[in-house]
Structure formats: structure tokens, C-alpha cells
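Pasting the structures in now, so scroll down.
The two complexes that follow have chain A in common; it is paired with chain B in the first and with chain C in the second.
Let's turn to the complex of A and B:
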């Protein structure tokens, strides 16, 4: 299954929304423990009345989706599929809090309505009056990958074309506090661009939305093409990861010699990053390696940011120096391998190729 | 030609039974599980009926045979119980023998535990036990079921509100047809929570009496809880293993109403499209459907919209139709799977379930639902509808072999 990425968009802690030049101007944040999105002026894309009722993740999702479809010159997508690890947590928290504060009496239903995980996909459909296939996946570090897999299958099996797939998560004050208590983040503030220099426990929290318009057909402005991502759950050891990697590459009739750039999910957590460094030492020695979580932070659907980055890098044939771990690629970048894992539970590979 | 997708085992736990035998007995004897709330600690205990699984956390731990100290949400326990039944029913003992996946669906995941965490947490952000919040996200119950059953090849969670588990079935069937999996355990689970009971109550769509789907005087839905799981196997694997096959998933359709975040369109556009697509994938004519297990929540809006859509597709004399939510309440993310299990049992037993408590025909509709248990052999094709907030509509078709 090979499909073309004909439109992309991301709202992230980088200037990605109007993405033409963001690779030239990556933003570094000083002394932070989390990264938040640089948000567009939503009312340029959503009716102000409607925007007022929407929570932040819904606005981010709808705006990014619309901009992505513009980018692909698609008016009506053949399907809308989203992936989100935690969904609309701002409204979930709001409604949950109101139950206890108001002792179950006279509750405002709006946050309940917007707390369901499919709110963003539904809001996009509502905005476009799109009655086509619509679904939402909510599986931790596989959420975006499942959305993508579904989209690729649809392109393979149905007349449906121009499928919109997105991955998104929001960070709220409370979700940061809870995940911080769980020990996910660095205990002292860091400079985001130096994320890998600290060599201690924890990562940098983040958030974002990234959308892709996928098609069976290559267009003049196509960014790249891609195949089915690979997901594997709780690998028992590094050799299982290596096995999965070689199975993934050989499925697409590739070897590591074909890979011009590897993008890794390095997130600064010393224990979690070990596996990436082992792979670099043993397999990626001669391949330029890049990383991305110092640009967007760690969250369940951060792999969508990596795919966005890869699609853009292939099209522009340039990569910001701050994203490179070692050397910058010298040759034409034809194939990018992305490897990401979330807390050593959900592991994924993507192959993004020039078309 | 893509492979056929067979159902070789089912598992279920709901207010009307902790297993297939109790469930079919309740269905045959019109025994509804809707009643007074006795387990959930809510201000609405004596005001709003619901369909609880009458088992405490400890009871469920015991049924599941779990003794370890890992935190389990009620959602995960209900899911484990139904998933284990389905695997046993399908006689699957070696998970690793074939490429096997797990797709579960839920709307609020481990919310029952999150509520325990949140009460002290909102008073003081350092309070609340962390073991009560790490089961919050929807992926948690799925991964807990995966670890319990040993399924590792493909682990996914769907959440499209009240059609969640219908979409889990749809995805499972497609993954097999596309050759990505050989077997997949699909289903859904939701536990009754303060979050959902207060949510639906704030929308003023909960009936203070046991619900009456498709009745002129219907006045809302009752919430329920439970889990349903179904073992899907590729035709080639079922044949090779000489499996006894319960039925086939022959059709599925997913469409979006795109009308309103919570309300359905008056003409039921999304419902019509999802049913139409399901017929198209099954290559069936409307007249070939023998029974429709309707979404039929009992709200004014759903039943009218769904009824109109059924009329549009099937004409003024549609096939026998009933909503089994008058038995189980609305089990939200589990509903599609719970009702899929009912459809499988209907085909197995050659019966059509009554739409309990129906009295008065809806003035807007030309048809009324089945009111008494019907023996009807053979039942060849059954359609099951699941519609959700956000207009996420999915229809499935189950066919006898």
C-alpha cells in the first residue's frame, strides 16, 4: 500500500501553521518544562460564534485540518480519521470537576458534549458537511498510526480518495501536573534545544496537531509518498526491535542502505533513549540521524509531527541544523525512516519517500 | 477476492447476564436489566434507573481470576471477562499460532477510577492516588486485556462515542480482508460512571423510568454497562482449523451525519448512508434483511431519525425491527459489540428479540417494532445499527453460513 501525501499542516510549538519557511526558523525555548502550541488566529478559519464554543484542541484540530485540505486543494475529503491519545481533556476535566464542585446538580452539558474523543473529527465533518467515513483512534502511542493505517486501507479498498488523517493531543495544566507526578518530565526547567544534553530522567512535555491529505494519485505538489506504518507492542528486548525493523524494511523491499535519513523519537529521558542510541551504534552509524521532540515536546501523537517534518524535509530537501543529531545529509533525501516509541510500550516505524 | 470474515466465538457481560447462557435466557424471557442503581454512588441513585452489572470490583476480580496488584479499572475487568469468554468460546488456546489482533472500543475508558482520583485532586493538586489515574486513558483497558490474553500483534482502541465498538468490528473485518491480520478479537466495553450519568442527565435525555424505544411516549434512554467481544477469523484459518463458525460479518458501513454535535438529522442522513453502505459491501438488497437490531436508544431524536432512515431505505414495511436497549440500557462504547453478540445469538437460535415495553406506535412512522419473541428459522441476514454523538454512524450485517 503506497499513498501520496498531497497536503500537510501542523499546529505545534514551532511556526508550522504557515509552514513554508519554518525549517529555516526553528524556535528554541529557554528554561521550560513543557512546550505549548503557537496558535493561529482561529477566527480567520472558523466562524467566531462557533469558535467561542470550541475548546482549544477542537479549534487547533479544525484549523489544521482546513489548512491541510487547502494545501492539497481538496474541498471534500473522502474520509476524516483522527488519532488522539487523551482526546479532549480540557473539557473532560471541566465536566469532571463540575460534577464534584456542583454536587451533580445543574451541570452545563457543553463540556460533556465536547469531551468525547471523536469531537474533533466530528467538528471537521460538521464544518465541511462531510458525510463520508469518519473515525477516531485513541490508543496511546499508536493513536496516529492507527488513524493512518485505517486511511491507507480505505485508499486501497474503496473508491474514496483524498483522505484526511490527523494526530493531535493537548496539554492542560492538570494533565501536566498529573503526568509530572507520574515522573514523566524533567524536574528542573531545560533549554528545549539542549534536550538531549541533560542525560537524566524525564522528558519535555508537549502538544500539537498535524494533518495530512492522502491520495492514491500523485499530484504536482505532492510532498512525498508513504506506506503502512509498522506498530509493535511491548517488545521484549532490543533484538525484537531489530527484527521488526528488518521485517518492516524488507516488506517495502528496502534495506538500511536505501535510507538517507533516520528520524528518531529521542526525548531526553536517559532510560527511554537508550534503545535509540543502541540502534544508532549498531545500525545507523553511516546514516544521518535527526530527532524532533526538542521541537514539539513529548506526547502520544508526536509521531504525527515527525511525519510532518519528514514530508517537508523531502519536499524542500533541507533540514534545520538543530534537528540533526550528527551530520546533515549530503545526498538527495529519498527515503526517511522514522522510529518512535512511547515509554517503551508503543513502538512504530514509518517510511516516507520522495515521489 | 478478499477473504470472508467469520465469527467463531463470542463473550458478553451485561446487566442481563454474565455469559452467553444467562444472556440468552434473559433475552428469551423478556428479563430486562434496567433497575434501581445499587452500586454506583450517585445523587441520582433513587431517581434514575440504570442497567448495572450487579458485581463489585472484588466480584469482577474473582470472575476474571485476577489476583495481582496491578490497578484494574472496572472497564478493564468487564473487558477481560468478555474477552476471555470469546477466546474460550472460539477454542483458541495458542494466541501466537496466527497473526492475531485486539481491537477494543470505549468512550470513557477508566473513568470510574479517574473519579476516585479527581475528587481529592481538585481540592489539592498533590492529592489523589496515582494508581487511580494511570488507568484513565482509553488505551489502558485495551492494553490490560491484551496483556491478560497475550495478544500482541496488533493492539488498537476505537472511540467514536456510541458507535465505538461497531467501528471496532468494522475495522477488524477490514484488517482481515486486507490481509493484515488472520484473527482479531474485537469488541467494546464501558462501565457506568458519574461522568456519563451526569453527562447524559445534563443533556436531559435520561428517562426516569425504564426506557421505551420506538414508542410514541418514549422519554429518553437509560444508561447501562457491560462488554462484548467477538472472535473474528479469516475464512482460510477457520477452515484450516476446522472451526465451527457462528456466522459471517458480511457487511459494514460507516458514515457521518454531519448535522449536529449531539442531535441526529431529522431525515437520518447518516443512518441512511451507513445502512446503505453496509448493504452495498454485503451485496444485499434491502428485502434480504430478516431483522434489524436498531440503535433505538429511546430518545425522541434518535428513534425518529433512525426510524425515518429505515423507512427511506426499506420502505414502509421494513423487516422486523427491535431495540434491545430496553434490556441492557445504553452501554455506550460497548453497545455495538453487545448488540453484535445478540445478533450472533439470534442467528444461532433462530429468534428475534422483542422491543420491551413498547405500547404506542410513533405517529411519524409507518412501522412499529417487534413486541414478542419470534421464532424464525432460518434467520439469514441481520443488520445492527450503532449511532453516536458527532454523527458517527455505523451499520453491520451478520449473515448465517
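Let's turn to the complex of A and C:
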């Protein structure tokens, strides 16, 4: 079954909120260890009385969701589904800090209430007065993928249409420090657009929110169509990745010959990127390859940014030069394969096609 | 009392993150909830925490809470009436 992407939006370290401009003006960051979102003027989208309780991720999520629905000309979504790896970590930190400082007494209710992972989906529903299906998936590098799977299944079973699906995560000072201790990030600052040239341990931390309005019906302004993503956990070796890739393409009755562009989750970490380079050498040599984590950084739901990029590339039939790894596509881009993995644990394939 | 009212207005703005608002914009006699400032039940909890944290005062029950949290003035009167020392 085909599902159509009728609206998209992202808030990211790029000027994606007004995505028309973004393709022309990619932003590079010099000497950084993490990338933070370029935030819109929230008051244009959220009433100040409602915004005062919202942390950054809630505001980015609500704004991106609203803009996505506008893009699809949908007033009331049939369901709101989000995926997030760490959820509202800023409010979680506030609440835990308050427990410590106040010796477990006199805790402010707002950060506690807002610290749950489903706060963003709930805030979108409150803003829209939407009482339809509302769910949030929290599965690290599979979070957005599960949200999307749920959305596609709802569309398949036909209990709802015009579904809003999003993936989002925020980076805070504390979460950066803690994950830095785990050795996830490069130890010295890098130029973001040259991320792949360092070829050493660690990646560039990032954050973002990306939303999609999905429907069974194709519209005049539809971006692309998509099928269920494929997920697999901790492959033992490259052969298992190859097997999964082959099974995924066969399921959609495609071969690599049908793929016009591959978008890979290369993130500058030498160990993790090895898998991507092996696949390029062995399977994608003759296919244009693009990458995206030098634009948005690494985070649990960064694959949502890749889907956003793919949908836009299909609709515009152009790809920013800064995202190309080898050559730009010469023919019409009909099928884009996305392959992403988070720390070689959560591996995902997506197929985004022209409609 | 007048100083306390002004101080309380600033503390309410900070506690409830009413960033767009200035103390002089809050009418000390106007209701804090629904009309007036338009606060809600989560704000009520925040104000109860504020009274306990800043002034060491506990609101005994919901009925008393309704009266104490009616306006800035009623909060100031409650503090004056119950302050220790």
C-alpha cells in the first residue's frame, strides 16, 4: 500500500522551517562539537500563555507540527504520533535538579508534568483541540521508525486518515556532557560541513524535529510516497546488512537498479561509518550517494531529518550540493533509499518514491 | 503590605514564567484564575509551592486555597496574617 507524504516540516540546525530557502542556503558551523536548531519566532505560532510552560523541544515540536499541517492543508489530523529517543530531557533535568536542591521537598509541578516523553504529542493535541489517536514511541534509534510504522498501519487499516507523524529530540548542556563521557562525540571541535574528513572516533551531536502529514490519498502538492521502514538490531556483520537490504528491496519489488539516490547516515565516526563505506564500495558504486548528519548532527531520531530531506529532494528534483558524497543524480529521481544506523545498534531502511 | 504586594507580583511572574508581563500590569484585586490573569490548576499548584518555599506557609485545604489564591491581595493578606515572628 502506498502512503503519500502531503506535508512536511522540520526545525533543525538548517533553515528548514521555511524549507523553500533551505536548499539554496545550507548552514555550515565552524569549530563546533554540537549543532543546535535554528528556532523560529515561537509567538507567531503559540499563544504566550501556553508557551510559558513549554520547554524548547515542546515549542519546536508544536511549531513544526503546525507548519507541517498547514503545508498539507490539514486542519485536524486523524492521529498524532511522535517518536523520541530522550523526550523532554530539559524538563527532566529541571525536575531531577529540583529534587536534589530541595531535598525531595516542594517540587514544582510544571517540569514534572512536562518531562514525560509524550508531552509534545499532547501539546500538539491541546493546541489543535484534537481528541483523535495520540501516541508516542520511545525506542532510541528506532523511535521515529516505530512512530512511522504505527502511522502507516493506521492508514492501512483505514481507521484514520491525514495522520501527523514526527520524530524529535533535543540536546541540552547536561545531556551533551553525559553522552560525551560515553565517548559519543569528537573530542575536538570540527567544521560541520567537513565532518567526514576527520575520520576519527566520535560524531557531531545534534538535535531536531521533523513532521510529516501522511495520507492514503495523493494530492496535487504531495511530496512523495513511502512504504513501511525496515528495522534490524545489531547486525553481526556486513553480510547481515546486505541480506536485510536485499530483503527490504525485494519486499517493495525493487532492486538496486531502481534506486536513483542513496542517503546514508554517515556521521564522521570512523568505526560506525565503515559499514556505509563497505556498502558504497560493494553495492552503491554506480548510484549517487548523499549524506545528512553534517547538516543536523547525530541524535536518536535523525532519520526523520533524512526522510524530510528525501521528500524534499523528490519533490524539487534537486539536491543541495553540500549533501552529495559522490555525484549528483543526472536522471529523474524516482526512488531514494535511506540507510541509517545509530551507533551500529539500530539499523533502518526507508524507501521514498516519487508519486 | 504594599511592598509585599509588589514583591509578590514579581515572584508570581517568575514562578509562572509570565515573561511578557510586568508587575504593574497585574491588578492586585483582580482574580488570578479564569478571568483576570487567566491562570489554571497547574498554576495553583505552582503558587502553593511558592507560598511554602518563600514564606514557609502551607495552605490547609482546597477551600482555604480558593480564598487565599483569589488575588494578589488575598495572597498578601494570608502571608501577613500567618507570617511567623
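Criterion: the second predicted complex is superposed on the first by the 354 of 355 C-alpha atoms of A that agree within 3 Å, B and C clash if a C-alpha of one lies under 4 Å from a C-alpha of the other, contacts with A are read in each partner's own complex, and residues count from 1 in each chain.
Operating definition for what follows: a residue touches a chain if its C-beta (ideal position, glycine included) is under 8 Å from a C-beta of that chain, and two chains touch if they have at least 3 such contacts.
Note that the coordinates shown come from a computational prediction; the quantities given were computed from them, not determined experimentally.
*Asks:* Counting only touches as set out at the top, which of chain B and chain C does A:108 meet: first, second, both, neither?
*Replies:* both
*Asks:* In this superposed model, does chain C or chain B come into contact with more residues of chain A?
*Replies:* B
*Asks:* So in the superposed three-chain picture, is A:157 touching just chain B, just chain C, both, or none of them (first/second/both/neither)?
*Replies:* The first partner, chain B, only.
*Asks:* With both complexes overlaid on chain A, does A:49 touch chain B (first), chain C (second), both or neither?
*Replies:* Second partner only, chain C.
*Asks:* Using the superposition on chain A described above, determine whether A:344 touches chain B (first), chain C (second), both, or neither.
*Replies:* neither
*Asks:* I'd like to check the shared interface: which positions of chain A are touched by both chain B and chain C across the two complexes?
*Replies:* 107-109, 113
*Asks:* Of all residues in chain C, which touch chain A in the complex?
*Replies:* 15-20, 38, 42, 45-46, 49, 52-53
*Asks:* Given the complex with chain B, which residues does chain A contribute to the contact?
*Replies:* Within the complex, chain A contacts chain B at residues 80, 85-87, 92, 95-97, 99-101, 103-105, 107-109, 112-119, 121-123, 125-126, 128-140, 142-143, 146, 149-150, 153, 156-157, 174, 177-178, 181-182, 228, 231-234, 345.
*Asks:* What part of chain A is in contact with chain C in the complex they form?
*Replies:* Residues 48-49, 52-53, 102, 106-110, 113.
*Asks:* Enumerate the contact residues on chain B facing chain A in the complex.
*Replies:* For this pair, the touching residues of chain B are 42-44, 107, 109, 114-115, 118-119, 121-122, 125-126, 130, 133-134, 137-139, 142-143, 146, 152-161, 167, 171, 174-175, 177-178, 180, 194-195, 198-199, 201-203, 254-262, 269-270, 273, 388-392.
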